[in-house]
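As written, the chain order gives the labels A, B and C, with residue 1 at the start of each chain.
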Amino acid sequence: MFEARLHQSSFLLKILEAIKELLNEATFQCTQNGIQLQAMDTSHVSLISLFLSQGGFDNYKCDRNISLGINLSSMLKIMKCAGSDDILTIKNHEEPDSITFIFESQSYDKVSNYQLRLMNLEHEHLDIPETDYACVMKMPSSEFARIFKMLLQFGETVEISCSKEGVKFSTSGDLGSANIKLAPNNTTDSDKAVFIEIQEPVVATFAIRYLTLFAKATPLALRVRHI
Amino acid sequence: MFEARLHQSSFLLKILEAIKELLNEATFQCTQNGIQLQAMDTSHVSLISLFLSQGGFDNYKCDRNISLGINLSSMLKIMKCAGSDDILTIKNHEEPDSITFIFESQSYDKVSNYQLRLMNLEHEHLDIPETDYACVMKMPSSEFARIFKMLLQFGETVEISCSKEGVKFSTSGDLGSANIKLAPNNTTDSDKAVFIEIQEPVVATFAIRYLTLFAKATPLALRVRHI
Amino acid sequence: MFEARLHQSSFLLKILEAIKELLNEATFQCTQNGIQLQAMDTSHVSLISLFLSQGGFDNYKCDRNISLGINLSSMLKIMKCAGSDDILTIKNHEEPDSITFIFESQSYDKVSNYQLRLMNLEHEHLDIPETDYACVMKMPSSEFARIFKMLLQFGETVEISCSKEGVKFSTSGDLGSANIKLAPNNTTDSDKAVFIEIQEPVVATFAIRYLTLFAKATPLALRVRHI
C-alpha cells in the first residue's frame, strides 16, 4: 500500500514540466524513504536523477517497495487538472495496474479522482558514481536559463571555460559568434549571487540543447550548481 | 425601421463568442419586444435559444417585425472593431439587404460605421416545449467550464449522475478514468454556491464536446442551471 | 573606427521590430553626424528613411564614414539578447567584415559580446525630394494603428479623404463596407489630440497592408503625421 499526500500539488506539476522533454515515460520507485526516479533521457545523452524525500510530503505511507511505470505526458494531463488550492493524494492500493490521483478542493466540496493505467517498463538501476568536481559554480537559475536561451540562437554547442576570474560561455555559427562572461560577486542577495569555487581551471563543451532542457527546471530552484 | 442602441457593446461580443462554434449563420428576429435567435447547431444536436429583451438596450425601436440573416463570423469581426468604451447602434432603415453597425467613441470625436450584407436564410420556427425537470442544479459557470475542460482530456462522453448528496461527472478512455464529485453547499457567496433541487435521482450521458461549447457562455453569467 | 553607446538598448530593438517586415537587409551608413538608413521596401512600394542623430547616443565616435550591410533578422536576434537594463555598445574597429554588439548588465558583473558578420549590399543613394503637403494631419499613433487593423478585415485598399471637418477612412469588400470618421479636436492632452492643417481637401487611396506595416512603428512615437 502506497499513499502520499501533498498540499502544494503545483510542485509536482513543475517537476513534470521540467522533465517531460527529456523523458516520455519513467519508473517512479517508491520506498519508505521517498520516491526516486533515475533514467537516461530518450537519446541516452543525459541522466535524470530525482528524489522526493518522504519528509517533503504532508503524509507518506509505503509499506513495501513498488515500481510505478508511468507515461509522463498522461500524468502531466492529470496534474494540470488540479486547481491551484487543491490537495493531492496519490494512492496505489491493491491495484497492480493503475494509480489513483485524488484532488480535494479547498473552496468547494469537490473531490476529483483520476485513475491512470500503469505501464510495464524495463528498468535498469543506474549506479551514479560519486564525483569530485574540479570546479563548482552557483548562479541564479533564471540567469542560467537566460544565457542558454540566448546562445541557442547562435550555435549548437557551447564552450564553458571557468577560472577564478569568472566563467565564459562561447558559441559560434552562421550568424557570427557570441561570448557571455560572468564574474563572481560578493552579493549576499541570493537572487543575484554568483559564486565560483575552483581547484583548477576547467574548459568543457556541451550541447546547448541539453542545457536548455535542464534549464526548464528553473521554476523549481533559485540557484543552480554546475560542472 | 429597426434601431437598437447599446452602451456596453462588449456584451454583444461575448454572446457571439459563445455561439460562434455552434452556429455559422443565424436569423435574428427583431420585434417590438426584443431580438430573438433560435436555431439548431450545425450538426443538429443542440438547440440555441437566445432572447435579448428590448429593456436591456439603452434605446430600442422596431416598428415592424424583421428577420436579419447574418453570417456570425462576419458580425464577430465587426464587433471586435468596437473600442472598449464605444457606444453601439444597430440600424436597418429601408435597406433590405444590409445592416449597419455604428460605433461612437467616447474618447475621440470618432464615428465608425460598418455595413454588413444580409443573407437569405431559410428559417423554421422551433417550438420549444415547456419541460418539467426532475433535477435542477445551479453552480458557478466557471466551475462548470472547468470540469468539462478537465474531462475532455479523458473521454468523449460524460455520465452525469445527480442525487440529493451531490452530482458526479464520470468519463473514461485510453488514459484511465476520471470522476469529479461536487456536493451542494449552503454558501451564500454566490460565486461558490452549489445548489441541487431534486424530485428523483437522474443519470444521463452527454457528449463532452457540446458541454464544453455551451461553457463558452461562461463570461455571460455567473451561474448555470442544468438538467 | 566606429563606436556608439546607448543606455536604453530597447529603443534600437523597437526600431528593428518596426522595419523588419518591410526590409530583410539594410545598409546603415555611419558618419560623424549619426547613423542613416534609407531603403525601398522589398516590393519597391514604400520608402524607409531613418536617421539616428549622434546626439541621441550616450557616446558616439565615427572618424571615417562606413557602410554596414546588415541582415536585419540576425541583428534582431542579437538585440533580443539584451536584458532590460543592459547598456549597449556597437563597435566596428579594424574588422572590415563584422560588427560587435556588447551588452553590459547593470545587475550582474556580466558582459555579453556578439559578433555579427556584415554583408556586401549594393546601395543606391535615394534622393528624397522635399515635398509641400496639401494636408498635414497629426493623430495618436495608437489610434492610427487601430484604424488600419480594423479596416484590414474589410478590404485591401483604403480611401482617405481629408477636409477641414475631419478625415474619413473608407474601404469595402465581400463582407460589406466600413467607414471611420475622425474629427479634429482641441484637446491639449497629447495622447488624444487630433490636429488637421489643410490647404485644400485631399482624397487618396492606399494599400492598407502598407499602412499596417508603417503602424508597427507605434511603440516609437506618440504621434503620427501623414499625407
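In this text, a contact is a pair of C-beta atoms (placed from the backbone, for glycine too) under 8 Å apart; a residue touches a chain by one contact, two chains touch by 3 or more.
Just so it is clear, the structure is predicted and the values come from calculations on it, not from any experiment.
Peer 1: Quick one: superpose subunit A on subunit C by CA and send over the rotation angle as a multiple of 5°.
Peer 2: That pair's rotation angle lands at 120 degrees.
Peer 1: Could you classify the subunit B-subunit C contact as same or different, where same means more than half of all interface residue numbers appear on both copies?
Peer 2: Interface between subunit B and subunit C is built from largely different residues.
Peer 1: How far is the middle of subunit B from the middle of subunit C, if each middle is the mean of its Cα atoms, in Å?
Peer 2: Their C-alpha centroids are separated by 43 Å.
Peer 1: Which positions in subunit A are in touch with at least two other chains?
Peer 2: Within subunit A, no residue contacts more than one other chain.
Peer 1: Give every residue of subunit B touching subunit A within the complex, in rising order.
Peer 2: Listed in rising order, the residues are 143, 146, 150, 153-154, 166, 175-185, 192, 194.
Peer 1: Using the touch definition up top, name the residues of subunit C that touch subunit A in the complex.
Peer 2: 74, 77-78, 80-81, 83, 98, 107-117
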